[in-house]
Each structure stands twice: as C-alpha cells, then as structure tokens.
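By written order: A, B, C, D and E. Residues from 1 in each chain.
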Amino acid sequence: MEMGIVVGRVTATRKDDRLVGTKLLITQPIGVDGTPLDSQPIITVDTVGAGIGEQVIFVKGSMASRAIQNKDAPVDAAIVGIIDSME
Amino acid sequence: MEMGIVVGRVTATRKDDRLVGTKLLITQPIGVDGTPLDSQPIITVDTVGAGIGEQVIFVKGSMASRAIQNKDAPVDAAIVGIIDSME
Amino acid sequence: MEMGIVVGRVTATRKDDRLVGTKLLITQPIGVDGTPLDSQPIITVDTVGAGIGEQVIFVKGSMASRAIQNKDAPVDAAIVGIIDSME
Amino acid sequence: MEMGIVVGRVTATRKDDRLVGTKLLITQPIGVDGTPLDSQPIITVDTVGAGIGEQVIFVKGSMASRAIQNKDAPVDAAIVGIIDSME
Amino acid sequence: MEMGIVVGRVTATRKDDRLVGTKLLITQPIGVDGTPLDSQPIITVDTVGAGIGEQVIFVKGSMASRAIQNKDAPVDAAIVGIIDSME
C-alpha cells in the first residue's frame, strides 16, 4: 500500500454503472514525513469515510477491488485506512 | 484510477480479434489542475463515449478488462468515466 | 496498452518450456509522435506478426497472457496490434 | 520482489476490517549495497516478524495477498523475508 | 518481460515457508546494448539455472508465480530465460 493525502474529489456524471455511488477522491502520494511526493495523483475509491486533507492508506491494482462493495467494479485504487500516525 | 486527457486515436487493422470494434484512444495522464504530466501516454479502450480533448478517468491493469464488453480481451487500460469537475 | 516500436529480437535457448516457439521482440515505448520515450525496453511476445521497425500496440501484466496461445505461459507483455496511424 | 529497509510503522484506527491485527510497516526500497533508493516508500504487511531497521524482502501486487493470513484482505505489499546477506 | 543481468544473490533464513528452497537472485534491468539501466534491482526467483553475470529474461507480477514450482508461493518476479543474443 502507499501513504497519501486526499487533495480533492472527482465528479463524473457519465461513468461505468458500477462506479455509481462511489466516492472518488484524488489522493497524492506522500513520504514518511507527510510531504507530497513528486508522483502522479491517483483517483481512489473511498471505503473508510476519508475527507479532504486526511492522510490515508491506499491500495492499488486488482487488490483494490476487494475493498469496495461492488466486487465487479472496474477499480484499481482504493483508500483502506486513515492514518493516525507514522512513526 | 488516473486522470487523463484524450489526445488522439490509434488505428490498427492487424490486431487481436478481440480488439476488433473497440475504440482505442490515446490518453495523456494529467494533474489535478488539468495540465498534462510528464508520463507515458496510454492506449485506453473507451467504454463511455469519450472524445478527443475530454478529461477522463481511466483504470489500468487487469481491472480494465472488467470495463469492456468482451471480458476475454487482452486489455490493460480503459476509460471508465468522463470528468465533470475536479475540486 | 502502450505504443512502441520493435527494435530487436531476443534469442534464448534455455528458457521456460512454455516459451518455446514464441517470438520474443524487444519493444521500445514511443510517444504520440512516434519518438522513443526514455523508458525501459520491454520483451514482448509477438501475436500479430510484427517485425523490426514496426509501430505496435502492446499490453502488459497478467492480461498479456490472454493474447498468447499457451494460456499458462509466464508472460507479462505481448504485442496485440500493429499501428496504422495515430492521429 | 524488492529489497527494502523497514523505516517506520503506520497506525490506523479506522481501516478495512480485514486489516485489523496486521502490522503495517513502512519499507523504503534499497539498492544492492543497502543504500535507500530515491523511490516511494511502501506500506507493507509484515508476515515474518520484521522490525525497524531490518533489511527485508517484500512482494508487491496481487501476489502479496498470498503471504498474509486473511486471504481476502485488500493488500498489495507484504514482507516475506528478512535478509541475512546480499552478495 | 524485461532484460536483466544477475548481479547477486540474497540469503534469507527467516522467510515465507513457500520460499524455502528457491534461489533468490538480484537482477538489474539492462538496455538493448546490455548496459545496466538506472532502475531498481529486482529479487527474482531463478527457474532456469541462471548464474551471476548472466543476461536473463525475467517476468514480473502475478505471471511470475506461474514460472515457479510452488504455484502458491508469494512471488512477483522470476527468471524465465537466459539470453543468448539480442539483435
């Protein structure tokens, strides 16, 4: 998994039916000290009630689809935890 | 998933049979502000009626094959949404 | 999928049995304008009769194994189309 | 797999149920000489009793879920060995 | 797949049971001309009898697990061929 900070939200009216009702959050990967890394932002499906500005754990690839309710959805990134602390 | 902008279309007469009839769009990853990132363009299968110049959500890897009609096609990237807004 | 240009061929006498008879082509990722990108060359299994110098579409990851005849072969990249044009 | 050094631990109270009880370690990829690489730190599930400062072998992607006890957990990185030596 | 050169070997006494008996080789990705690339070294499971200094073909991701004997092992990279020539 990776550490990230939620920096925004994506709205998409026209989308795959199985994505309807999902909360699509833009997550920027961060380093151990919490600073944003120079890597690509990811659209993640929220599964834990994350909000803008929160530091999160997200999973990528086919394993991400395990985290969401609709197991058939075409999803490759999901937030699976909210970080309390990194030490 | 990632954010991208559709920048072109690929035509291929000789191709895997299961790709016949698919619309193959070239998608350039973009950042939160919509500017193209310095990363590799991706050939994505369109599943939502996307067109050149539109900002889209695309999924990569094995999950992409879930988005397309022919579930057996050798596809690793698909457009699954058209972005209304990023905020 | 990605766009690439076939730049060479790999010969390997000692290899996994399931790769015997496959044509292993070295493919360099290219941009929309056809220029080689500064990214790692990939060994792709040819499934469409591609040759050196041709621009191709290739798929990576587990989906690549769908493209080849031996469905059990340990393959993570395959050429699935020859590009006529990018526009 | 990749070589890494365990540099920290992540605590997350709110998380996917299947991650409860897992030890989430932050692992920084390292080179052959043991120096940290300039690549993104990974949150890995520990499966071998690794501790901070230890050099480890970690696996990424869907194969990582094989290493952990809950086979259904949404996990894409796991520590599967502690390095004695690299030579 | 990728081209690489075997640059070392990893020893790990404490490891996932299913990795016992595997030969874990450190493989550095190389370019078409055989020069090492500036990318991360990979720990690959040898399946073809490769040795230090040899140029090899390796497969990454879930497909790598197809190459090894224990089909349940948590493995994401395997050497599947020894390169005779690249032309």
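The criterion applied here is as follows: contacts are C-beta pairs under 8 Å (C-beta built on N, C-alpha and C of every residue); 3 or more make two chains touch, one makes a residue touch a chain.
Everything quoted here is computed from the prediction, not taken from an experiment.
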{"item": "Touching both chain C and chain E (chains)", "value": "none"}
{"item": "Chain A and chain D: spacing of chain centres that average the CA atoms, whole Å", "value": "19"}
{"item": "Chain C and chain D: spacing of chain centres that average the CA atoms, whole Å", "value": "31"}
{"item": "Junction residues of chain C - those touching two or more other chains", "value": "61-62, 64"}
{"item": "Round-the-ring chain order [start: chain D; next: chain E]", "value": "D, E, C, B, A"}
{"item": "Of all residues in chain A, those that touch chain B in their complex", "value": "7-16, 19, 24, 26, 28, 40-44, 61-62, 64-65, 72-77"}
{"item": "Residues of chain D defined as touching chain E within the complex", "value": "1-3, 29, 31-32, 37, 39, 47-49, 57, 59-64, 66-67, 78, 80-87"}
